[in-house]
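This structure is in structure tokens; I'll ask about it shortly.
Naming follows writing order (A, B, C and D), and every chain is counted from residue 1.
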């Protein structure tokens, strides 16, 4: 399957190919690597002039400083840093972001294919041959096992606890065993069948030699991967640079150089785009879009899996009462939030699933803006005069849109039904730290956004197994015994249609229970200099740099 | 008043009038002063502090600035009225033709520069010397001329490193460096020890003779004035009250203030000291008529204290006093 | 001069010791478990316990202080929570950038301040005085962070004469010219207030010197006003001006913080701002300790220069 | 060109002639006020500032809207919009109302630390200067230690440690201000103590102690008072800066500095609205500066 010529992203926004949305079944033995061609053929795709290439691209990250560039700790900043170091690293599987027509599927990259054994509990990975890391270290089963041990084997010398803590959010482990079959084949066994091809998509391989030579800290300042660009320069706190790797196995990157700078302030990113200091930035504030267009810049949006919500603390009153949670969901004006505060850079959340997706349930009624109903529900729950509560929110961060103005608007909505919210704000890194400690007494709700795109997420969010501290994402300790069997069934269900139905049933339960104050789906705003060509507006949090060049 | 010693005047002051003006009132600090300084003449301007002596000197050099201003009168020098001279011309005249030395030499030097640097600066500025080397040589010569014989060492000292007497000599050297015609010496010895006082006075007398300069010597000290003066002008509350040849005035003071002044200091002729009773009047609010009247033992004699006294010339000495009014007593 | 310098240096010891006590105190004022704060939320109990032990948090306070100061003396300020790098290297890196900005701002402030102050003093009560002092008053009243925003809005976004932030260009940046180009706007924003203060000081000190008797003597020597001003009045005003300039330079080391945030300048202030958000206490306290040392040394330098410039101070101390 | 300055002789002369009364001590409040009123600029500044302060204090009466009420459809309305004289902010809240309510916090965080600093620093300086000896050494060395930190950083450090909030910003700023007030007071006290009447009163024994202290405070007060007045302006700017950095008030409550930070997101879209909150900061600082200068001239003419 070759990737298509990118089409007008706005027209394409809602055209989602349902059949391809979930293509990896955990239970079925599937030979992987269906869309490698995208990586290989990228050279000839994405533009009408395959020969065009070159230029130095400046990309602005939405964080404020340069942390370690180690791929296996990069998730400390959400997936922001992962986006930036993505050209240097590859995993066994990765999302194929070379297409904008569908939500990118996970495809084999450093694994050419895989075989599922033992009812899906053991994955046999067939590695891509003739791949070397930038420092010449060969990519083989030993390197792969070494990398997984670094994350999941506390007994191995290279075990890196910090990396495990960060990565386990996506793939909680444990890995029961890893065995080398031959130089390019190894097996990995987990206690239950898991959709590993999706789960380890963000787990990228680092050069064992380089880590051993430089140590974890040193490696973070001079990273070595297998990607098409290699690290070339670091100016501490200011920028790092990447240049093409001439022995890359896949299609060569077109850019001569990529410069990545941390520009944490969203307005500063808009300003720098307007003044031409940077070429690509994401997570742009709504108020910056008109000026950007006015300055001749390209602004792209797409509907991609993303939810922005407040999670209620279910452990104590008043939010242990479903009527209260529903009441608040009736009390906020999502249309005004999406269209006025966010100026159309988000759409109101009418259910967890984005419109036109596999799981979108046409029969599910949205929470409408109905303050009187909210007041009635509050009165029924014993709060006719409302109550006071403290909520937490980040001030910025990966996928967080504009949390403070949004929270202030919600706060003002809730005040109208008698609920007085006191906001406490944190910078993103600190916020994540607090968030992962899970709900504590006295805190009514915490804001978060999720960019999930596979079923597995909902297990992390809603199943009893992943209550904190095991699953830090279920901040509010929400459980519903009815969900667990549905989830287990879905994980093991091979049939696409049946699984989608199971997922829809989970969603109905969650929607009714209202463990969240459901707010909006963000539209993934990306700003581009008109000099940037070959950009593919992937329907996913990240995009790829391989096809980009500058004029 | 005309020059009491006759001859061509180097500097003629006519009706010089200096005022301090602020928001509320105008105070006259020099009230229509008129006197001459002849060539090679030493004129001693005598008076208590605050009587306007220094203001007179500063007015001649036009070194007064707001709120003080020269309100009237003329100062003639080499055919030019200095009061009306453009500032540029006045500046090139200052120091070069009319120089001035002051009471506290320590306050009159730039504390951050050596004495030598300041001498060299003046020599170069007035083009007395060309180039720094020549200026340094000249500076040493000048220091020698003011009896500072180890000039080479003194040159490199900062003002705070030498004694007051040495510093006063250095200031004199600075003043005479451009060879001025007239030296205004404002209480040059008052801050010094008595022994050094007479040395400085001798030096000034010598320099007057050697360089044929005139000197306007300002002092409150009658005994000092006696040593140097050819001519004497006595000032009281902004006005000249007596003006004449030194010998005549000292021998035969006419104005009651001059008499009281002479009686108040030790002199070869006076055995008993008589301090002047009372205080000088505030210039912002002077008494009407004769300003000395409130303290004058003779005021009752003429009984016209409330009217301004006329200036009368008696035996080539001018006196501002009703006692000598030809139409009166 | 030498003994004066020695005495001044010796006097620093108790002051710096006191500064470490203040910083140490602040560490202990942080609510909650310092080990948890220092290690971050993902730390294990074992790691916290071991840090508590290595920090000696289980020991009496004086012992803790002693051990901590021992580490500080070895330039060990701990490790950043957010960046997982030694605080000392992070702070040192950022400090160099702050120094560049503070130096430029000081330069601008001093030149402008000198100019305004001299104009004002030499035209006392005149139009020049009024205008200069009005400008100085505005300079001190306008918040630097606000001025920064206005400058960006006009000169970087509307006219696009200058970059909107950062210290270097992303592409081929880092040359002195490139850094200078990035420096102009933040330096103006940071320098406005010190410029106003320097202007007022210059005016006051020049007026004070103008009142001194030697100035009149200089005039009596026939020297021109310009000569008197440049060669005598300014050098005499300079010790007082220098003291204030030194204070302002010291102020700027901290005071550029606001401007650094507005212009994303990678200095101490920005580091502090980020670390505040990240609750990165080791960095915050490391910055304070480091900057206090620099600040004290700067003050010392100013004092010594004051002594070197003024022969009265010099001789009065040597005798 | 350069004009001649005031002649030194002139001041000496006018002083001696009694043309000017030589003001030494501030005298009664009435006298201070009379002298202050001669400065027309400062009087005008005082009137304007009082107006601002009254409007802010009376915010419940003067504010046209609820400062927290959002109006999502009417966000970033330009100045002069119907019902919103200064327009609205990014959440559609009335900008004028927020400025008025925010002024309460901003003025409080600017003035309260100075008052605290004046009282605490004043007492420390007075005790140090009066007691002398070991007490003085102890107090002044502690003061020196606080001087080892640049004021901005010390305040940030303390505010961070104490956690966000208006009260903590005030405490942090007060701690920063105490040392300088203490120094000013101490040196004024030392010079006042050397005057003979104090010596004499001291010799007369402990019975006169309270009288001495009252007398001393009266003589010492003008220097720290003038100093404190002169720093209110910078402290207002400084306090708003701490709020700008997010160390002070928490959303959605308004404060000038934090409003400025929030609105800077709209710099490109609504440049004027974005910079509006800076105007009252600068204006208040400027007015306090003008008044402070006049107060200093009145209280301590030697510094003029």
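Convention: contacts are C-beta pairs under 8 Å (C-beta built on N, C-alpha and C of every residue); 3 or more make two chains touch, one makes a residue touch a chain.
None of these values were measured; they are calculated from a predicted model.
Between chain A and chain C, the least number of touch steps comes to 1. With centres taken as mean C-alpha coordinates, the chain found closest to the middle of all protein C-alpha atoms is C. Remark: among chain pairs B-C and C-D, C-D carries the greater number of C-beta contacts.
Chain B and chain D have CA centres that are 52 Å apart.
Centroids built from CA atoms put chain D at 22 Å from chain C. Taking each chain's centre as the mean of its C-alpha atoms, chain A lies 94 Å from chain B.
Contact of a single residue of chain C with at least two other chains is seen at positions 152, 157, 212-213, 216, 219, 276-277. Across the assembly, chain D contributes residues 3-7, 9, 246, 264, 267-268 that each touch 2 or more other chains. Residues of chain A in contact with two or more other chains: 271, 274, 395. Those residues of chain A that touch chain C in the complex are listed here as 56, 58, 64-65, 67-68, 161-162, 165-166, 217, 220, 235-239, 259, 261, 263-265, 268, 271-272, 274-278, 395, 426-430, 432-434, 436-437. Considering their complex, residues 212-214, 216-224, 227, 231-232, 235-236, 309-312, 315 of chain C touch chain B.
By the touch rule above, chain D contacts chain C in their complex via residues 1-9, 11, 141-142, 144-154, 156-158, 160-163, 233-234, 237, 240-241, 244-247, 257, 260, 264, 267-268, 271, 274-275, 278, 281-283, 285-286, 289-290. Chain C makes touch with chain A in their complex at residues 40-42, 44, 82-85, 90, 93-94, 152, 156-157, 160, 163-171, 174, 264, 266, 270-271, 274, 276-279.
Here chain A touches chain D in the complex through residues 266-267, 270-271, 274, 285, 287-288, 290-291, 333, 336-337, 340-341, 395, 402, 404-405, 407-409, 411-413, 415, 422-425, going by the rule given at the top.
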